[in-house]
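Chain IDs A, B and C follow the sequence of writing; residue 1 opens each chain.
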Amino acid sequence: MADRQRSGSGRGMLLISGPLLYAVVMLAAPMAAILVFSFWTQDFLNIDTTPTWANYREAFSDPIYRELMVRSLKISAMVTAITVLLAFPVAYFISFRVRPERKALWIFLVTIPFWTSYLIRVFLWKVILGYNGVLNSALIGLGVIDEPLTLILYNFNAVVITLAHAFAPFAILPIFVALERIDRSLLEAALDLGETRLSAFFRVTLPLAMPGVVGACLIVFIPTIGDYVTPRLVGGPGGLMIANMIQTQFLKLNNAPLGAALAVIAMGIVTILALVFLALNRRFLRGRS
Amino acid sequence: MALISLTGIDKFYGTYHALRGIDLDIAEGEFFSLLGPSGCGKTTLLRTIAGFEHPENGVLTIDGQNMKGVGPNRRPTNLVFQNYAIFPHLTVAENVGFGLRRSPLSRADKTKAVAEALAMAGLDGYGPRAAHALSGGQRQRVALARALILKPKVLLLDEPLSALDRKLREQMQTELRRLQRQVGITFILVTHDQEEALIMSDRIAVMFDGRIAQLDTPEGLYLRPNSRAVGEFIGLMNLLPGMLRPEDGRLLADIPGLGAIPLPPDLVAHGAAPGPATFGLRPESLSLMSPGGALPTGQFVDGTVTERTYYGDMTYYEVALDGAPDPVTCSMKNLVSRPVLERGARTRLAWEPGALILFPDG
Amino acid sequence: MKGAGLRVYTALYLVFLYLPIVLLPIFAFNDSTVIAFPLGGFTTGWFAELAAVEALHAAVLTSVKIAVITALVSTLLGICAARAAARYRFPGKSGILGLIMLPLVLPEIIVAVSLLVVFLQIGLPLSALTVILGHVLICTPFAIAILNPAFQSLDVSLEEAAVDLGETAWGTFRLIVLPLVMPGVISSLLIAFTISMDEFIIAFFLSGSDATLPVYLWGQFRFPQRLPVVMALGSILVLLSVLLLVLAELARRRGARRRGALDTGGFL
């Protein structure tokens, strides 16, 4: 029926040429440009176009860049772990406990916050976590603490909390989709074969949901590692990440080639990790069939 | 003169040869069926006539016009799709009137034409209904009305009944036949249901692997299949290995279990030659008698009932003939006066040599 | 598992999810200038103040202009790509689609920086136009993701039936394809509009002197005395986003119903 695809490739090529041209000019070419740029050097106001590894050498040897890179990875890894762990039960609840006709509504409910202004959401966390913020003033008002807590703003923790909030729906959706795909009769079969509910969860549900979990990890990890707004607003000096440094190199220090090298490195890391995740996913998928 | 004429049509999907040198003439006003197993190319052939597939070789003419380069929208054919392809966002009337959009008729005439088409398809009063809420049978009627309103020279139907349940299907078979007589145009029906093809068609083309294996009337196909494959595809057929051997200047059919009999004259004319051959015998050409009884004419053999399947109006028996390698199947109408035999019962089978079908390819 | 425990957990999770958004209107109507508890009195003054800020109006106008054009262009590109993906086979299909969808998984800072480099090199001045170029790039994959199911579930035989009944290719597209994918198109327009309105990083790098609303907001964050006004503005923005989303979701559901499909899942 619907899969009687026309093989006439001319029409297809014609249709795709617009979006393709756009992606080549606005994405592939600029990325190539960044790559070329990263091998040039800034010479005060001029750009020296002799290709050199100098930027990469600097990026890998200067402890500032190294620390930022390591910290970005650490934050992203923590955010990913926390987000996915927190999201799994929610996805499970919606998939297994909510009546089918209400599921769409629940998913909608979970995704709404994602579509509201990112900037304002992050900023609100600053307001919530601040020294005179909502959390501290509320806790003091309730008599729980006497002195405002200081370990929750302008540091690593604040960045992790804020990002975990921002990317929550990203994690719920792929897990939900994977759980939805599980044939419910498989679980009945497991119970019928003598598994308990708990062991059926670990032996049937969880392995089958794994592709969704891996997808969730990927979809949270990639954007967080390049996040700029959150570390800038709630991170303080100890919570800055690689994107902040890229921005600084480009717009403040006027050293675009070094910024380009940092961007290329960040992209390289993201790509490598994405490939690792995908390889993991493939293994899970193979284990299934 | 043929309304539709196909000569040497070849169609490839990549390297897959879907239609292999199809030659076919279909007359005006004919109810024609394309019959064959899944994947044999029936739909491809139908879509070639409709103009959706473009053959690599061969010539297709409709009403004397070469159809090469003529798009589906400019051919005098209309297609009823297997899933009916009812436009879900339009009403029944809008669906039926869809093809009239470009016609020069006045608005009032179009409305009238739609009403007539609806009435003809038995859909009086359904015009304003939303199309996506129709039942399977109603969808099919809409599809028919929508195609017939354009007064095509040929109506093409791709398995139009396969989505319906059995009762409705039988009802629609009769109705389609009536409709075809009423409008008097050529219908080309694709089906994989041999019974449906036999019931409805004036002529049938049986297709295997992109080729037309046999082109004949329903009776011709059933009584004189030209190959084992066709014989087995249409109805039930006992296939009996045997020998043709010359004796006294004529040919003798020697079939283990049935004995040696002179070959009936029309099979001789069929071009039979001495050597091993396969003989076909329809189940209804074998009839059971209680042991001892005899038919006035014809042949008879003895055997044991090994299996029995009861169908209500008929009973099918599997009988191991004395001296035959494999059991044969025979069917008996269930009459009040006729007892149903049990497994293991001894019985005698009568058969007519004139019912024998010879497959020299065997 | 434990039914009640899971239910309570999910409820808490939703509180966590909505906490910041719920606080917005609370502080927008609070007449104290510091954003903290306990609350002061009720006021609508911050909203009134919004009406007086010229720079804000300019930013809103710029953002709307950018978002409308972005929505139109990316949906158009999305229609082409989704249609090609659903209906045709052509060489390098998966690679081409992969490239077009790539921005979906690319950190936005990378997109922003690489576009910045190119625009500066070719001497294209930073303006609303450059922001649009960037936004179309990141919105097109979303448009494709939304439009793809609509085009995939479109039965080919419907189009063939229209051609068979005498329509031209264009007539078929206009009378059959377009009406059937329209809910998806509307949904795509709304989502692309919302994304473009909210996007910050690319606008931050590429807007030059044409500050968009998020860029304007970013500037306001530095002034503590402006925060209540920001809260009021934020409330309005969130309200509008939710409104657009509900519209997009309704359009999507209507489409699903019209195609007679079972309603499952939401965006993405």
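By definition in this document, a residue touches a chain if its C-beta (ideal position, glycine included) is under 8 Å from a C-beta of that chain, and two chains touch if they have at least 3 such contacts.
As the structure is a computational prediction, the values presented were derived from the model and not from experiment.
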| item | value |
| --- | --- |
| Pair with more cross-chain C-beta pairs in contact, given B-C and A-C | A-C |
| Nearest-to-centre chain - CA centroid comparison | C |
| Between chain A and chain B, centroid-to-centroid distance (C-alpha), Å | 60 |
| Chain centre separation in whole Å, for chain C relative to chain B (CA means) | 56 |
| Chain A and chain C, separation of their C-alpha mean positions in angstrom | 18 |
| Residue numbers of chain C (touch at least two other chains) | 155, 157 |
| For chain A, residues that touch 2 or more chains besides their own | 1, 7 |
| Two or more partner chains touched - positions in chain B | 82-83 |
| For the chain C and chain A complex, residues of the former touching the latter | 1, 3, 6-7, 9-10, 13-14, 16-21, 23-24, 27, 34-38, 76-78, 80-81, 83-85, 87-91, 93, 96-97, 99-100, 102-103, 105-111, 113-118, 120-121, 133-134, 136-137, 140, 144, 152-157, 191, 194, 198, 200-201, 205, 214, 217-218, 221, 227, 230, 234, 237-238, 241-242, 245, 249, 253, 263-268 |
| Chain C - residues contacting chain B, complex | 155, 157-158, 160-168, 171, 175-176, 179-180, 258-260 |
| Chain C partner contacts - residues on chain B that touch it in the complex | 50, 52, 71-74, 77-79, 81-83, 85, 87-89, 98-99, 101-102, 132, 146-147, 150 |
| Chain C partner contacts - residues on chain A that touch it in the complex | 1-2, 4-9, 11-13, 15-16, 18-20, 22-24, 26-31, 33-34, 37, 86, 89-90, 92-94, 97, 101, 103-104, 107-113, 115-121, 123-125, 127-128, 132-134, 136-138, 141, 165, 168-169, 173, 176-177, 180, 197-198, 201, 218-219, 222-223, 225-229, 233, 243, 246-247, 250-251, 256, 259-260, 263, 266-267, 270, 274 |
